[in-house]
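In the two complexes that follow, chain A is the common piece, with chain B as its partner first and chain C second.
Right after this comes the complex of A and B.
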């Protein structure tokens, strides 16, 4: 036993898979101690992109420091009117035949560009005439939006006013005033932004990974133990028991497990679909291949000398199975278990994508997160990669690590496959 | 055909029929276990707000009769079998009075035309890759195999989403959803065919990509196993050319992969159906998705039954092909 374990951990594939899997597992276990927020709590409305969010109100009331950044002015100009927009303005001015000599998109000529723009541009003009390169409706709408932003956004240093309606200036904010993010009363860092419900995606993802692993482990355990039990019974006892069990097996083999899952699941209705029922149902629809392989291995073991010897010695059925048969198929069962866990996680995700997942109001799962990002247009209209890409990556990493462990074990137990 | 072969086919057909019956029964029973009454839902949707109690009762009775829900369970089962045999599968609840067969008839060909070629191409490419990795070893094996293993770990819907975001939303090379331009009417014009082809690309490659990985990994281990077999060593001693040996090796390694194809069609169909919903490809997956969301149980039953039958036929055909190409199986099964 000790020797086998040592061999297993010497296999580089197994080791890499094991490390990835343990990293995911440890993150799931440790993360909640650092971020105690409820994973389903909505923090805002809709998708927020990843980043640190600082309350504007609190930032105003936080002590300021004087910081002289050399490129502060350039950055400010750039963020209020990106170079891309300046190019659009320049192109439009050129197209309408205005005098653009000496103008470019650089920061030095920024104010000049704005002046020329204001002198030449009018909404009515942009609407009426189709200048070259700006003939489509979308292009002209873009111009109008740009102009609206210019008249409101590009502002000079602001002053802080006291309360509503009271315009007395309390203090003036200089361009070199900075606040320290940690001193602002309300600031939050969202490494993966928020999802469509405004939930912190990272916290939700960690919780969902935990739940999905649990579903996988439970489904895998059920499938493997059912498969093992049925395989052992069919293989060792044989006769009528074998015939009946194999009959059931054959039926389950040909009806795709996924179809069976959909049928059972739609029969349940959303409210009775808890995480546990989900895992149990995945478990009882995916034991077939394990049962078949266990059976064929048990049949070949059944007539070996050491088993016959045990029988002659009058050992009980349980003892023979435990000491003479199980150890020989243990490696296979472990490998089957690993694959079942990974396919259990995948099955949950696929069901959830079809809208058949566990009750969405209780706990997040990886599949539910994928389903939400699909329903709320994260791929297309919102373009919120942070809402789905990390989920796909986690699912892929979990199955990748489990598959690696499996091939590693395969190489250890089947020497012919070794490199 | 020898006597043994006949026996083999008889046995296969027997199992085919038994499984088919079991699938029909499961398809009938499971949706009827669900809580809630479909008649309630449809009456609630269609009735005018000021209807009296009698009118509601009358409507309920009407729809119960239309759906055959006023009969005994055995009677309902008989209806179900009759409708399935006729090929109509009864009426849809959510799109009443449309026939289920009408809904499915318009979607099944999209699924077949998408998935069958995709699964086969993925299988061929995967096996080729696995065989090359096993034979060449070195960089092919060390570099490519972990990569393939990682790609095979990406779920079907994940690959679909990534392809969609990169090529359709980001680069704009392919349309975002559907099977053809929504402004077109299906016809045999070049324009329509071109539209279908451009919509076909992303769903197709997403299925191909994910099936390559698993097949390559399997083929690689089988090929390595065969390359180390005694007959290969013996042939090398005899001085037979490598080219000739390799041909035998890969033929032998392919055999389990053929059964692998039969087995994986069942599981691949599930994943590919989910991929369909991502591209809103109007196949069976989409029909099923819509039916699930509107609790349209006759449509769900019919979809699952048809998928089961398709998988049954595919694995039955593959079993037969397998028996013909593997002399060992022929010897074992036919005699």
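Right after this comes the complex of A and C.
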């Protein structure tokens, strides 16, 4: 046993797969100790992109430090009016026939550009004249938004009013006032942003991964044990039992598994689809190939000398199966189990993606996350890669690591593949 | 030899495959306006008198704005100002004093596609043939219209009278003006003769050669695309109507598989006008820099004219407890629904407080906001809702965290059809509100087939809370909405698509509903609407979850521009350039320079 394990861990493929899988598993187990919030709690409003969000209110109430950043003004100009927008302004001024000599998009000429712009641009004019290149509503809207952003001058101190009525105080914020992010009472880092419900995607993803792994493990265990039991019985006993079991097996083989899954799932309805039911259904529809392979291996084993010897010694059926047959196919069963887990996770993800997953109010799963991000246009209109790409990545990593472990094991146990 | 044979066989197969796709319409891009979100599955037919023609661009009759590309109505409704604009009709209609007869004239310039004039006889024939074949027009308007007659070349619509000798409902007569396509007398009678007056045969005849009066006629249709071509002899270029032809020579609709495919095509500029809910539509221009625009580029981006509403099912005894109904409505986080489910494409209930009115200025002015102020709720008022339930004696007596009614745990289902994204999200939030106040609500999403059969039943106890929208903007609104919210005429009616799906009963509101159509005095009308709002907010037979545009309207200005926009002075509603007065947009379009 020790020797086998050593062999297994010497297989580089198995090792890589194992490390990836364990990393995912450990993250799932440890993460909830650090982030205790409910993964389904809405924090933001709709999709928020990844980043750190600092409360403006609290930042105003936090002590300031004086920091003189040499490039501060440039940064401020660039952020208030990116070069791209300055180019748009120039293009528009050219299109309307204004004098643009000496103007460019550089920071040095920033104020001149703004002056010329303010002297020439008006919403009504843009609307009425429809200059070439700016005739569409979309373009004119862009100009209007741009113009509205210009109204604030960026390098003067700003006054902030705190409180209401008589107790209101006015304080001045200078351009060199900085707050330390860790001192602000409320700031949150969302490494993967939020999903369409405003839920923290990372927390949700970790929880969903855990649940999907659970579904996979449960489905895999059910499928493997069913397959093993049927395969062992059919193969060892043979005769009528074999015929009956293989008849059932054949029926399941000809019905496409996924279609069967979809039918059962939609017949159940959202409310009856708990995580466990989902896993059980996936399990009982995917045992067929395990059963067939186990059966064929058992048939080749059952006439071996040591099995015959056990039979002559009068050992019971259970004992023969457990001690004389099972150990010889154990390696195969472990590998089949790993693949079953992987396909169980995939099946759940596929079904949930189609909107047939477990009840979405209770727990997140990887497939449900994909489903909602699809429904809210995460990869079309909403442009929110963080809501679906990490999910795809996790699904891919899980099935990749499991398959890698499987081929690694194959290398160790399959004599024809051994170096 | 074998090889040559195999090659030949392969060549035949390839050719066969190519020729199968060879049938495509030749539509120059800069002469064609492409629509999206209006046509699913292939067109069945073009019969304006028929049923189930599944013809998104040509056939859509609704009082709020029929689609008048091919067939035309007497008037066009404009949701922006609530006015009726004449199309086939000439000038304004007139009522007689007792509101029993409506008279209108037909525009002398109006012509059919075969060159003959549109006359009052055609309007009369439209009604008579509809009556004979008992189609949707007949069933929809027979309770209100007695007959339509040609009196000296003018159309006279005689209202049906009730027992007291008053007209049954003058407002519904107005809906007829904007909602029903007028067909040619000769064509309609020819169709009847062709089928020996067999009503079913007439209703299902696809009539690809129908005589029409609108600017576009059938051009091409298969399972991938449907296209209409402009009739360059269209009568509307007469100075008495538009004075010119609509800009696009062709209007076309590619038949997409689903919403996602439609959206991708829209983003790629293959669709010009899109009728589809686009989550976070502003990101299309803000982040993706696409030449996409909506009616206004600030939230809510369009004109919201209807309110998706959660209805309480009064057939379930526990739902008859007023306090429970109000408590759930108070606990729901509407801002969250509007921000997350509608991605801000709706005004909030703080900006437009709830009432029986839609959020357009015209309707908002029709009731007294101050008088109902005390009855309003802002939502997310968990403590208030709990207190209300406690006071009503609906408490958690067995300590399981859920409240009981008459000793039984309250457990409600909140339903909407599966796949209706924003509604599903809204129902999830209603379920969350229930959780917060200790009332078990389970969001449930049946399939559309199942859903629509259950909630339209005359009586059902399967869904306690479910979603549907009342009437939006139309000539008969807001009266039609008060009726849809609370009229007891729908209680017990099977296959009810018209209103009061929760089967609420209130005698006073029935009186108000009867009175409004016959009231012409503005102050009296306002008092009636205010009282209706008071009853609605006090009794909470249902509660609106958000405001929503009647049709979504987003345009991609890759090829065409000049679409209606807010404050452009044209007063054209964003109705996809096809519905009601929205079709006026087609005459302002120009190619992007």
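Keep in mind that, in the parts below, the second predicted complex is superposed on the first by the 399 of 419 C-alpha atoms of A that agree within 3 Å, B and C clash if a C-alpha of one lies under 4 Å from a C-alpha of the other, contacts with A are read in each partner's own complex, and residues count from 1 in each chain.
Rule of thumb we're sticking to: a residue touches a chain if its C-beta (ideal position, glycine included) is under 8 Å from a C-beta of that chain, and two chains touch if they have at least 3 such contacts.
Since the model is a prediction, treat every value here as computed from it, not as a measurement.
On the superposed chain A, the positions of chain B and chain C overlap enough to count as a clash.
In the overlay built on the shared chain, the residue A:355 is in contact with chain B and with chain C. When the shared chain is aligned, chain B and chain C each come close enough to touch A:374. In the superposed pair of complexes, A:410 makes contact with chain B only, with no contact to chain C. By the touch criterion defined above, A:383 lies against chain B and chain C together after alignment on the C-alpha atoms of chain A. In the superposed model, B is the one of chain B and chain C that contacts more residues of chain A. By the touch criterion stated above, A:210 is placed in contact with neither chain B nor chain C. Of the two partner chains, chain B is the only one touched by A:396; chain C is not. Taken together, the two structures place residues 266, 269, 355, 374, 380, 383 of chain A in contact with chain B in one case and with chain C in the other.
Against chain A, in their complex, chain C makes its touches with residues 260, 263-264, 267, 278-281, 283-285, 287-288, 290-293, 297, 336, 339-340, 343-344, 418-419, 421, 424-425, 428, 431-432, 442-447, 555, 557, 561, 563, 565, 568, 592-593. Per the touch definition, chain A reaches chain C in the complex via residues 42, 45-47, 127, 132-133, 135-139, 141-142, 144-145, 196-198, 266, 269-271, 355, 360-361, 374-377, 380-383. Those residues of chain B that touch chain A in the complex are listed here as 15, 18-19, 22-23, 26-27, 30-36, 146, 149-150, 152-158, 161-162, 164-165, 169, 176, 217, 221, 224-225, 228, 266-267, 269-271, 273-274, 277-278, 288-289, 292-293, 295, 297, 300-301, 304, 307-308, 311-312, 315.
Here chain A touches chain B in the complex through residues 247, 250-251, 254-260, 262-264, 266-269, 272, 346, 349-350, 353-356, 370, 374, 379-380, 383, 385, 388-389, 392, 395-400, 403-404, 407, 410, 416-417, going by the rule given at the top.
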